[in-house]
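So, here's a batch of structures to check.
What follows is chain A paired twice: with chain B in the first complex and chain C in the second.
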Partner chain A sequence: MPSQPILETRDLSIAFGEYKAVDKVDFLINTGDCAGIIGPNGAGKSTFFNMLTGMYTPTAGAVFYQGVNITRLPVEKRVALGMVRTFQLVSVFDSLTVLQNMIPPVDRFRRQYANKRLFYFGEAESPEVVECCRTWLAKVGIEKRGREMTANLSYGEKRKLEIAMALSLEPKILLLDEPLAGLSDVEIKDVLGLIGGLRGKFTILLIEHKISQIQNLVRRLSVMHEGRMIAQGEPLEIIHDREIRRIYWGAGAE
Partner chain B sequence: MGAAVCNWCKRLEMPIIVFAYLALIPLLSVNMASEIIIFSIYALSYNLLYGFMGRLSVGPMLFLGAGVYGAAMCCVYLTANPIACIAAGIVCGALLGMLLGPVTVRAAGAAFALVNMAFNQVGFFMIQTGLAGWTGGSDGKSLYFDPIGPLDFNKPNHVFGLALVCLLAAFFLMRRLTESPFGIIIKTIKENERRGNFLGYNIYGTKLLVYVITAAVSAFAGALYAIMFGYVTPSFISPARNIEVIFATLIGGRGNIYGSLLGGAIFILISSYLPNIIQRWELFFGLILLASVFWFSKGIPGIMDLFGPKKQDVNASAKGGLR
Partner chain C sequence: MISVIAYGLTLGGILYIISIGFSFTFGTMKIVNYAHALIFTIGGYILYATLPRIGFYPAAVLAATLGVIPIAFIIERFVIRNLYGESVDLTIIATYAVFLIGLDVLKWIWGSNPLQMSDPINKTFTFLGTELPVYRMAVIVIALALAILIEIFLQRSMAGKIVIAGLEDKETVRGLGISVQRYFTMVFIIGSALAALGGVLYAPITVVEPYMGFQILMLSFAVVIVGGLGNWRGTFVAAFFLGMVMSVTGRWWGPASEVAVFAILAVSLLIHPIDI
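Take a look at the complex of A and B:
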């Protein structure tokens, strides 16, 4: 059975003033796939993600999700369609407890739309919500820290929390922007194991700096350089491509 | 253990609040106690916007004034039934919030503060000059409210009772809102506004709703002022008085609903008694304000923290950017 494309871009471009951060990118990822994007600093990887998820509006081109043009769809509507992301610089709420961080994503399905009254006047930390949050926290192994202020978590734990928040939104496609950046070796192993375990459940697209970290994880790899997608293929093909080696290793990454 | 104690506190909360305000009557006067209560409702509404959502507005008097004038105009031109007048005041505030919110909540930081101030100036001008034919301009209007059965709000005791009931309503509304899932979303807006969108929430709609609730509850307090004082003048919508509720919120502690009650009472006490002792009392007032901005970011409740173990100030590390 040929798989369906879940996310596709055509000619996707954005310019900041004169500077073309992303330039005419055609990209496609199939439902259920696990793919990676690599590229040196400033290649435009995060900017590309920002256009996919609705944070930036492209100056040209289009984004299609399950065949529907979503180029101008607001962020939260994309989330409702199952497009969920994490950020290069971990983004969780330091001023809330770990459990409280989990409540908005967990509640989005459970209560907001089902019962508005509970959303406005219900108890945020009711036993069943707390239980549900803990289940998600347990999946990333930080359930013991639920009552802790998020500000007191290590960077790696915050990353795990961010991933738990993303998972609880029950994505159809999960976009991870450098999920390993800034983590210790042990934490990298944890997070890689976590992502590995998610393969097959839904589509995963992740950005990474170092090919070596993800070459066994992803099935397809795309290379971004100066705003363009210069190659796409299987990880081994990419690694052995002479032109890519020149640009990528020549540029001093790894 | 903590949960059991908490349950007890919650059961006793309402009697304690009622008792505390009743105790103010012999200490001060009925009118002063009523004024504290009404001002505290106003402070509660402002705390939702500033304390919980992190939006500093320098124009909340506009909504207080909308309530004062909504109730007053209803009293003069429509009906002198006090309940109808309160309803008119709330509706005026809410409608004004719905009208201005789509413009104001798009802004943040200084822009939000100033755009609210600008609207406040416009409102003040309209009341004082533009619509002076109806509002009585600078002279204002005196109001007479009909009694409803045995309730006569020309009597200070009855106003006190009304104000206290309204305060309890506003207090428990704010408590429910801030402790609900909605309250958590409001707090996330303070820390990082864009992030909530990526959790699937319409943050613009949330901000608008908070703005309208603040407007409506401020107007509620305004309508009660109209009933309590029995007259209106443009000073009830004067931009010069915006600092009052900001001060009360800072002193009581941002993002703490008990703080609004505390800060509201302290402000009314200071502004009523300090001028008798110190002539240029505003100077003193300014110094307290500076201290609360720079040293006691959690207000008086935060002073306790100075003696406890050092904690990281989470507000200081909140960055609000997404990369």
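Take a look at the complex of A and C:
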């Protein structure tokens, strides 16, 4: 089967006042691919993700998901279509236990979003739900921490929990915003292994600061700089591109 | 002494019942909802209006509590929902406008004279040599029962877990594909019904009058801040604590009771300033 684009943007732009945080970005990722976006601080990477997932409304341009224009679709409807993300700053619920963190996503999945029932008043921790949550936690290797308060986890464990929550939503495309940021070397290895193991199961798009971390992980790499997507290609091509090296070193990243 | 404590607990119970909805709206949507005071007042009036017709006190209580639901629904749909994500000042101005409009409607229907209600139970019992009204004890029991029900809802049900998660970070809940707004609406409606219940329970202790909600909302505001934003257990503790403070200082010198509450509010804000 020839690869089909799963996600595409055309002229995607957003301005905060005068400031163009993302400027006319054309981007495309094919179904099943694993791609990365790199770029210095403030390049607009996270802002670009926020428009893909519906948290920000673009000032111009469009987002297409499986050929359908979803530019104005609310966040939660995009998730229902299979677009799932993690955040640059790990987003899990500190006031719940690790296992309870899994309940909202699992709940959504069990009911198949927006079915007849408006609310679900079922027992939160029924054996069935707990079993389901544990299975997902096991996939990222933190099932032993299930009863722990999430606030007590290390940052790396929280990151894994966040990924487990995302996986339980059964994504068609998973968007990871700097999944390695703030992790120790050991944790980076873990998470890289985890993401590596997901390749081929669904489409993956991840943001990273340092090219070196992901050059062996991704098949395609895009470079963002001052709101623009300045290059796209295979990792090795990008790494050896003069202009990009100049911008990158000029901007102080490695 | 005993009667001061009992009155403090009764006040605490009423403050809790009123504040819990206010607390959730504040905690989840960051909206300071002055219209909550209106719902509280309407509860008192519906009780006043329906009691002579129904004749059975618990039925009138139920009528008042459920009767505000359509009103709460309209307020949520057309005002609150549009304030989502707006600055706190704007939420105060908009909901205050709703409060004032509602107030005029109430005055137009019932006039502004205070309406007296009698104690529905009108019995007393003797506890350690002090005579206490049964009604006030009933209020305390109802407040405790509600606190337990809310705790069970939040801890045991799926919807409860989603509400807790939403209190912490609503954007992340949306990111999990959940229409968190829907849950906030549900919480808003339940909270409003409880505000009305608070008005109903308070009516026989004071009088029913258009501004009864205003003073109590200020107290409620203090309860929510002292208890901690988005902290429903804190709301519970703060309600009883401030109820007790009011009862004790009120015994010593009436006008001091509210001053004491706001002094505590000020201290609490100094210790941990809120940032919304």
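In the analysis below, the second predicted complex is superposed on the first by the 243 of 254 C-alpha atoms of A that agree within 3 Å, B and C clash if a C-alpha of one lies under 4 Å from a C-alpha of the other, contacts with A are read in each partner's own complex, and residues count from 1 in each chain.
Quick note on the criterion: a contact is a pair of C-beta atoms (placed from the backbone, for glycine too) under 8 Å apart; a residue touches a chain by one contact, two chains touch by 3 or more.
Predicted, not measured: the structure shown is a model, and the values here were computed from it.
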Joint occupancy of chain A by chain B and chain C, clash or fit: clash
Which superposed partner A:46 touches (first chain B, second chain C, both, neither): first
Contacts of A:104 with chain B and chain C, given as first, second, both or neither: both
Touched partner set for A:88, first chain B, second chain C, both or neither: first
Which of chain B and chain C A:124 touches, first, second, both or neither: both
Touched partner set for A:179, first chain B, second chain C, both or neither: neither
Touching partner for A:96 - first (chain B), second (chain C), both, neither: both
Contacts of A:151 with chain B and chain C, given as first, second, both or neither: first
Footprint overlap on chain A, comparing chain B with chain C: 53, 55, 74-76, 79-80, 84-85, 87, 91, 93-96, 100, 103-105, 107-108, 118-124, 165, 169
Interface residues, chain B side, partner chain A - complex: 176-177, 179-185, 187-188, 190-192, 194-203, 312, 314-315, 317-318, 321-323
Touching residues (chain side chain C, partner chain A) in the complex: 155-162, 164-165, 167-169, 171-180, 182-183, 186
Sites on chain A touched by chain B in the complex: 46, 53-55, 74-76, 79-80, 84-85, 87-89, 91, 93-96, 100, 103-105, 107-108, 111-112, 118-124, 149, 151-152, 165, 169
In the complex with chain C, residue positions of chain A that touch it: 53, 55, 74-76, 79-80, 84-85, 87, 91-96, 100-101, 103-105, 107-108, 113-114, 118-125, 129, 165, 169
